[in-house]
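Each structure below is given as structure tokens.
Both complexes below contain chain A, partnered by chain B and then by chain C.
This part shows the complex of A and B:
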């Protein structure tokens, strides 16, 4: 059974704009993105929204629904009361291009700042031999669909634009952790995680984990282990002493 | 003169929504409960430190264990020893509460809890924080959170002492209800302590080759199971230690005086 739902949608360009009210038909089994597409088809043909797979795997349709970062294609209309007004806004941390579409190039810039996988010089491609247990920890992080909702919700940059140059954000700190945990990566990543990519800004309030549509345990499995590795490197004199006595690689 | 910075220009490119949040759920409930729970613990702890009814044979209140001075009753002293001698006359809790207190204060879970509920940084996800500036754990004093692992080592010692206290009470004939309360508390504290993120790192988290260290990897998987419930153990042990401590004090004061108490 269909019903008429009340929507408030952010309309505007370059930050200037307002919330506009719409009443739109909703049918059984639909998701928020379906309703936005119906709005485009019937009432607002110029409403801009980014989308692609409609299956929760491309990360394109990230938006804020009733104030929470969500994927439009994975948010069922059945989770709302029929009488509820549903507010849809663009991601709040990034500049608005138009309506619900934001410029997420901040994330691509941060991705480029991380040195790529660096194997030992004497190991050639095809010679890598790894046990499953050695790689499965970092495989969790490769589930990331780059929806950038963790970047969007992180208060370090969401509430403080001035921190953007110094903070890579949870998605890219997770990338650093993934590479640092890789058995064949030899690049120095601990010190740079703290000094260049702003790991110390993270106060582990776990919002990145809460919003991740792939349910990656970003904080527990990437950010905190990375913080502990930085402690090894920078703040633990016992580890330093051990590395001197036993000549272990730090 | 008002200076227009690149940041403020960039900020204006975002959707200009003036409300603090558009969330419609009761996002304030979790930080409010956390605030109340932690405040209760602080108030109780402050009272317990100065309360003198901390020992009744065979029980010693967890907030006052180990008792390390000659001012402690003889049965309350750890292994009968009093390394702090006569000069220390303050309540025994003052000597040792900094150790488990420091462990909880720097714990990754509690950091989340109090950053959200006390410092509102942020109070909840996608709810704007009230602070104009944020530097996180990059400078003093919050950079000191990195000493968590040292408190972890000390917390192991305290956890084992509380276990010893519980076992000592349990082997006492007849073993009363208090022995089981102390034992349950010690078990929860050990689960909380060994599920700590630092413990997870020390066992094998710092390694990149699990396959070369099968025993450490096994330990890591066990700690990871506890770690997945770290929040639950943090709260359960917080309340269990208060309950166990209060129970012993009420027995010592004679308020609880039924047989096998």
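This part shows the complex of A and C:
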């Protein structure tokens, strides 16, 4: 049942580091995070890794396994050959703090830049009436566990530090779509998505969708519809005419 | 050393902590949220089923009185009745408020919040979002904090002027000025640097203690920090012997053993079977619930569609009953191949319905166990899930006995008595999170002057000790032995000799933990963090074991093999733990619980109360009824 697996794990802090080799016991049914915990307990007590729920629900243990962003707790060892060397590295898009732990504050910064849910002033708590079919679109996006792997894999910022200030990333563009599709949200979302949060940078390569552990169709259901809404607004002849008349009157 | 001044410091960023912090900030207090993980990752995300609130959206017969009665029954009448009353009355408002902050619950046909059935709840009562309600709750509260920060940015030019999150920061000591709280001491996980909070009020919202057990649904954060911090600061812990073993945790593969399988599986029609294919729960309906549960499979099955004319199936008994039944079946040799029992929804609902109602269960079994729950049964067994015991608090304000100290959510004790009903946790943390935040704000308003921080040097020395030792104990080994000991000797079924043995082991482990050494630097060093957490886990384990040894009866989350019956005399008594500031000499004292208010006890039939109360209490009841 058990066997010895070969791991190469990135270790380091303060901007320096290297891949370190380990040989470690693996038992039936285990996931990569189990193996990292065994390393902590037996060989490398100060090996840094984030984790919480160990059930794919909190999105803490994002890492790159053989170069692919994955949740350590949901990556079963049985998906690898026993002879394979498994390489584990931190998320590439964010600065490394230590070993597998990265500084993800970029995401919290972006979260704060998206205006919050804005219901009409006259609806009181308890008075909300919404049909299931109308909440389902936004509910899909609210399945997001904020593992930030879509942010990590998005090529707009993965290798382009310079785009970070102007681009919210798939997770937060999806948040805008979620709010725009919320039956009670009254805030303007379309123009700002384009002008302030960088929706235009996205060229729908679907990397975010592919990597999403919750299987949210980020590109098809959030980003593309949002792009369409922006276009409708920008080129809608009536809106265009209205804005001209309005300007002239002033 | 980094130092911050706040009015209120909230420790913990799960549901209770965030709701408390939001309240304190809304009352105009400068508020800090300090949490061990990243913001939005707390254990609340794992709650699946829903938040119990008697909104009556699905069955209009529901109201706070029915919810109150269910809660008291679930807790076997040991609950702090004032908390159970406030909880039942205020839960609907707390759920509706979330909706106004952006939460998107599943809907009824007429557009209201949908409510689902759950164990021990008479009517469909749980507001939910599929089986990921906890995530919805934490994300909504997180986004509410962000909304307040955006407001503050507009008003003051600084989003963190009135509410700031200190993420990946662990508090190791509460600081005091004389008898009263004056702040908190901790370290940044990222750098290992120390941090001091200068604050007259601290709200503990640190959750539970599950990491003292091997098989648990709890994450690494659940090391009993708040319980231990309160104890060391001079507060009292009550009901520590009552631990909820959730009946359905995964049993295979070994590495995920204990991970939760939501009760919604049963609420939505799933049934429990043993290796002989028998729905064994029909054999385990206790006397106190005899008239409330179906006695045949046919009646139980009819109940899902016609609740007015049928009784509910016994799979939906309170969690303690179901967990004990599973335990007994496995012990009798009628378990599943992997050491649990079968939980089957595949033959009960169409596949599409299962993936819609239970998406994360479907995902979890598929990814982790190669089991397709739409085609085959799950194998499940009990897992350490929740501690009913915690900091003794005033029901209305969340205030502990130490001035300036407050607690809410799982870390507080009393609300759930000897056993918590599913769904009552998410509502608990909203109701009492808000109350503790308001309580702390009012306390700060009433102070003549700010207290002075003391004890920083001692706290620093204590925190550094494991790094300064060389060649000491491996903290991972000490932790592992503690987990095994508590699991095997103070687990779901307990007996005197075993608990005594556990206490001896804990004594030895305390000595070893004092000698725990951590190699490496102070930067993000999990070995060091664990060495510090050990103090808390050991303190809490000692309280659990000592209280478990004293309570010579079986009730809710405390089952004594040597005292199998429920005792009316013991029902009146709470066991209260206290310790010296250095964590030594933990003592447990008996305290008589105050009698229930007349109008509340009047909500029950005498015939039901006879199963729980002493003759003396029944005489009081008769007198109260006569008077009204």
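Heads up, the rule we're going with is that the second predicted complex is superposed on the first by the 233 of 250 C-alpha atoms of A that agree within 3 Å, B and C clash if a C-alpha of one lies under 4 Å from a C-alpha of the other, contacts with A are read in each partner's own complex, and residues count from 1 in each chain.
Rule of thumb we're sticking to: a residue touches a chain if its C-beta (ideal position, glycine included) is under 8 Å from a C-beta of that chain, and two chains touch if they have at least 3 such contacts.
None of the values given here were measured: they were computed from a predicted structure.
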Touched partner set for A:87, first chain B, second chain C, both or neither: first
Touched partner set for A:125, first chain B, second chain C, both or neither: second
Partner chain in contact with A:212 - chain B first, chain C second, else both or neither: neither
Partner chain(s) touched by A:40 [first = chain B, second = chain C, both, neither]: second
Contacts of A:55 with chain B and chain C, given as first, second, both or neither: second
First, second, both or neither for A:117, with chain B first and chain C second: second
Partner chain in contact with A:32 - chain B first, chain C second, else both or neither: neither
Which superposed partner A:176 touches (first chain B, second chain C, both, neither): neither
First, second, both or neither for A:145, with chain B first and chain C second: second
Shared chain A surface residues [contacts with chain B and with chain C]: 14, 131, 182
Footprint of chain A on chain C - complex, ascending: 37-43, 45-46, 92-93, 96-97, 99-102, 104, 106-107, 110-112, 114, 129-130, 132, 135-136, 139, 143-144, 146-147, 149-150, 159, 190, 219-221, 252-256, 259-260, 360, 363-364, 367-369, 474-477, 480, 518-521, 523-528
Chain B-facing residues of chain A, complex: 10, 12, 14-17, 19, 64, 66-69, 84, 87, 89-90, 92-96, 103, 131, 133-134, 137, 153, 155-156, 158-164, 180-183, 185, 198, 200-207, 210-211, 220, 224-225, 227-232, 234-236
For the chain A and chain C complex, residues of the former touching the latter: 13-14, 27-31, 34, 40-41, 45-60, 74, 76, 97-99, 101, 104, 108, 111-112, 115-117, 119, 123-126, 128-132, 135, 138-139, 142-146, 179, 182
Chain A partner contacts - residues on chain B that touch it in the complex: 5, 7-8, 10-17, 21-25, 108, 111-112, 115-116, 121-122, 125-129, 131, 133-138, 142-143, 146-149, 197-198, 200-201, 205-206, 208-211, 217, 227-228
